[in-house]
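Which chain is which? They are A, B, C and D, in the order written, and residues in each are numbered from 1.
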Amino acid sequence: MIKVGIIGATGYTGNELLKSFTLHPEVELGFCTSESYTGQRYSEVFACPYDQTLVSAESADPGSVDVAFLCLPHGVSVDMVKRVRAAGTRVIDLSADFRLHEAADYQRWYNHDHTEPGMLSEAVFGLPEVYRDQIAKADLLANPGCFPTSVILGLRPLAEAGALSDRRLIVDSKTGVSGAGRGLSLTTHFVEANENLSPYNIGYRHRHISEMEQELNAAGGGPYEVTFSPHLLPVTRGILSTMYVWVKPEWSLARVHELYEQAYAGEPFVHVLPEGKLATLAHVNYTNRCVISLSEVRPGQLIVCSAIDNLVKGASGQAVQNMNIMFGLDERLGLIV
Amino acid sequence: MIKVGIIGATGYTGNELLKSFTLHPEVELGFCTSESYTGQRYSEVFACPYDQTLVSAESADPGSVDVAFLCLPHGVSVDMVKRVRAAGTRVIDLSADFRLHEAADYQRWYNHDHTEPGMLSEAVFGLPEVYRDQIAKADLLANPGCFPTSVILGLRPLAEAGALSDRRLIVDSKTGVSGAGRGLSLTTHFVEANENLSPYNIGYRHRHISEMEQELNAAGGGPYEVTFSPHLLPVTRGILSTMYVWVKPEWSLARVHELYEQAYAGEPFVHVLPEGKLATLAHVNYTNRCVISLSEVRPGQLIVCSAIDNLVKGASGQAVQNMNIMFGLDERLGLIV
Amino acid sequence: MIKVGIIGATGYTGNELLKSFTLHPEVELGFCTSESYTGQRYSEVFACPYDQTLVSAESADPGSVDVAFLCLPHGVSVDMVKRVRAAGTRVIDLSADFRLHEAADYQRWYNHDHTEPGMLSEAVFGLPEVYRDQIAKADLLANPGCFPTSVILGLRPLAEAGALSDRRLIVDSKTGVSGAGRGLSLTTHFVEANENLSPYNIGYRHRHISEMEQELNAAGGGPYEVTFSPHLLPVTRGILSTMYVWVKPEWSLARVHELYEQAYAGEPFVHVLPEGKLATLAHVNYTNRCVISLSEVRPGQLIVCSAIDNLVKGASGQAVQNMNIMFGLDERLGLIV
Amino acid sequence: MIKVGIIGATGYTGNELLKSFTLHPEVELGFCTSESYTGQRYSEVFACPYDQTLVSAESADPGSVDVAFLCLPHGVSVDMVKRVRAAGTRVIDLSADFRLHEAADYQRWYNHDHTEPGMLSEAVFGLPEVYRDQIAKADLLANPGCFPTSVILGLRPLAEAGALSDRRLIVDSKTGVSGAGRGLSLTTHFVEANENLSPYNIGYRHRHISEMEQELNAAGGGPYEVTFSPHLLPVTRGILSTMYVWVKPEWSLARVHELYEQAYAGEPFVHVLPEGKLATLAHVNYTNRCVISLSEVRPGQLIVCSAIDNLVKGASGQAVQNMNIMFGLDERLGLIV
């Protein structure tokens, strides 16, 4: 049994981790922390029967668990990562604090200096389909962002194969409201979000662009110039990224299809749809799947659609998948395939 | 042209008033007040092209308009009512402050003393189908609550006819989230309300019971004992009240039907459905309608369903209907029939 | 490993069974039948990666599995039950064909004679919290209806204790649209159901009343007279039943609470909420839970709220729970607790 | 008073016309036709109090009205247009049959020959912001498609100004389910569409591309190559088109903004948002507005967002606006500004 702790357990990603652990035969829950609800039982915070008492992060002993999941805001997470690592415990950090390799990139996109730039090189970017071997050995795992997971899985095979003929990548993403977290705002007030669709931070402004560019550039054929437009959907869960790209003449749809089939052969959670089918949220919600479809607009121009559940493959499910890899377990434990 | 002012214009009822005035050929807009958004244009607060600049209530001159609509919280509204009346301007108060005739009832349900009990007798309860003549002359109009509008219109004919055989009235109501206002809360956070249904304040706790009992008792056959269970629906608008009552043996469904047809004959906004049809939110949303259906469970037991749009017939539309009556206009102006 | 077959696998209950089996460590899938989609792969019918080829019921060999799940319409299921039983295979029938003990009741509520009245006495009503011992030995299990599951679990302790002072039970239920199945109708067309709430078959008309009365009468204190009003909610899943009952003077809320705690002590899926909390769909959706809350209106009058996911505890999850009991497994396998 | 008839009154566009006429002071309703519901009252078909009796198209006299609105499928509409024109009555055709000027284009996109190619040149494309003068004199008005209305209004100023540096235009559109009509399909079944997002007909397949290319090419700077990806949103109403374009270096965002302000100055229904604001469905739903926002990704690359209510500005509202122009009325009558 692996003993786990959740730091910041009362947001949606913390809640999703707990659900996953309930299904997981090899996990034993240590502590769940919350600053807002310290001393309360989990069932008082969420409509569920989980009865763990929430403790403050201060009073949780990181050394008492094998791995700690950090569900904290970026900028705050970094200090907790240090503390947990100091206790010798492995960390899966769901914040953005260790996803970028370069402190300069972090500074540029997050508008403040990284306070532990020296630790950036220790962190492994936790996308199992790309970095499985490093993940197995990681002590500090940076769990990828939700949008980047959908975009990188959706475009990386093309980048790696050098198939893209235009460095301009246009990504139109749509996300469920849970991606905005459990904090209150007018944007996520039911009456404002329901029956609505709102673009936000469109163009070249959203911080997740940094992860997309880092990982696609690392795959090859770049540097790429991502245009990224997130839209807030009136649904609870799910991200669909519709991506417009141009490929070299030799890359027919059939050949691209084969490329993706090979890239994801054996992957338990990535599914490339047959030609003619398109990825939807219904394919992925409440599962750890990423479902990808490939369409040709005209020769040399493709549309890649990539769907994930933002709380599962886009956050907590991927974190559990990473934990399974880190501890040598079947990758699928605790997850819906 | 009637010159109107809106005090508290940036909640959902204020917004709905503005929409109605845009359609109304006899209304000229004076001031719109807001404390949170003073100095901003209305289009910065709501996704719409209305360009009025919001002023503080302090700086609005109540004497500059023919009628002021007050969209303020109960307990706060009472002072503004005094101020507007002191300027000689007629008031349509959308709060609960002047709906109850007895200060003791107010104290009981609102947990604090009414600060102007002497003014309670001046106020007219603004349900046009019952008090049209008094409304025409009213200077201080208390616009009814949303749930009470659906319940009183749905049950009053039976009470007035002395048809009810059991004083126990069971009301199971379902409301859209806009009924909870534009203030932020976890309950109305999209992720919490969406795909959910939550009962709240069920039994004999919700303040709107006081209006229901006052008005049904006034109609006759009481005193009644209302059991009232509101539920929060994952929709933006609409109230459906499903009401379980017992009637005296002589009241066949056909006879009850006739009673309702007569009670609402000529009413522009109340529709009694033919037997076999049931009231739904789709009948009423975005209109000032109240739609009522009558069903027999078994001889002597009926189910009355009554539907309204909580923001229109349940609030701002009814307020405009009342204004039309107060100023001798066609009752339907500015409203969707 | 238990080998299972699904007859009628392409409705929502069949789909939910498949999802459960994917999580179940002791189940091996035999056949999945479909008449509409014979020869297609499951992934062509639902947005999922399940790759079973659908066969016609005709060509499936019931003798090749340990248990067959029947997801067929009532009236049709009965013949298939006979065929499967003739092969010696145990049956879990999700239709209504074997839920009622009396052929006369079946005839009354379903408007046609039961074609195998002699088999009715063999069937066990599959509500584990009541009939666990009989279920363990059952060869023909009648899986309860969705509304009855919520109502019986919600009211049975009161009936059994003889606590109800009035035989009239008022049940106001709200259900998600998946309860209406995958067949097309104007009622379940997105535009008609969305942002709407529709009562239907209210009063004493819905067939599920027969199960509620049968089981509550069997518990004691009856015969009861159920008034039942289902409403179609604009959500995919979930049933909330709000039930209005009167109890004898000695039954204080605290005592009723204790009664329920005892009645469901040790039950893995039934949760009685602490006083002051109310059951919601959020408590149960995507799980096999039934969550019950108890509220006092005034001394002697209670409101019981009971929530389930109509596709899980209201159908396929309960069927899997029954299978687990029938085969001596941990009741929770394949289910979300 | 203008006397109007609706042919095909029981779809969503017919229903929306009726709602608009209820608000319109200068319209008198002649006939409403329906083949499926002949002889029934309108209130039996839609949840509303409209009491017109539906007649078959056969029995309606087109000569008895001043203008007939045709809400029929393409391919079917053309014959009815002929019949109404033969009676000397003006026609507003909401189908696609007369939107394209070239019979060859029609054949290419609709896969069958146009049966009255000679009439194509008589038809006026009913986009008031472009063709107001021709509309005023039109006897045969082709009301634009919903997606094209959002796209043409969103991009035409750039095309007309010769500002686009790349003929490739990428349009990612999201539409509410009412755009798919009232006919039943699995795609529009509540359970399948709710909490989902589905791309469909993406790339260069959707018939509405023909209108977009025709009108943008006519504006100048083309020919353009539209890539168009519609997505089905889980909302009842609204279209948001997110459009990715490249402009010549001299077209700064500020200059483009000025261009749009001038292009739509005085237009009662088109609103260009100030910089920093983005168009959403909330801006337009239940109104005849088109709301446009302009964003710069990087110098030379823009994102134009354009929102309309697909049933209003995208169909029936625009049809009423066109009628108002055709009959010399205030363009805003019967419409929500």
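As a convention for this text, a residue touches a chain if its C-beta (ideal position, glycine included) is under 8 Å from a C-beta of that chain, and two chains touch if they have at least 3 such contacts.
From a predicted model like this one, the values you see are computed outputs, not experimental measurements.
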Chains shared as neighbours by subunit A and subunit B? C, D
How would the subunit A/subunit D interface be labelled, same or different, where same requires over half of its residue numbers to be shared? same
Looking only at C-beta pairs that count as contacts, which pair of chains has more of them, C-D or B-C? B-C
Using each chain's Cα centroid, which is most distant from the centroid of subunit D? C
For the pair subunit A and subunit C, the C-alpha centroid-to-centroid distance in angstrom is 36
Averaging C-alpha coordinates per chain, one finds the centres of subunit B and subunit C separated by a number of Å equal to 39
Rounded Å distance between subunit C and subunit D, as computed from the means of their C-alpha atoms: 46
Do you know which subunit D residues sit against two or more other chains? 195, 234-236, 280, 282
Going by the contact rule at the top, pick out the subunit C residues touching subunit D in the complex. 12, 177-178, 182, 184-186, 188-191, 193-195, 234-236
Would you pull the subunit A residues touching subunit D in the complex into a rising list? 170, 172, 174, 192, 195-200, 202-204, 225, 227, 229, 231, 233-238, 240, 242, 244, 278-282, 285, 295-298, 301, 303, 305
Contact residues on subunit D for subunit B in the complex? 19, 22-23, 47-49, 195, 271, 280, 282-283, 286, 289, 291, 336-337
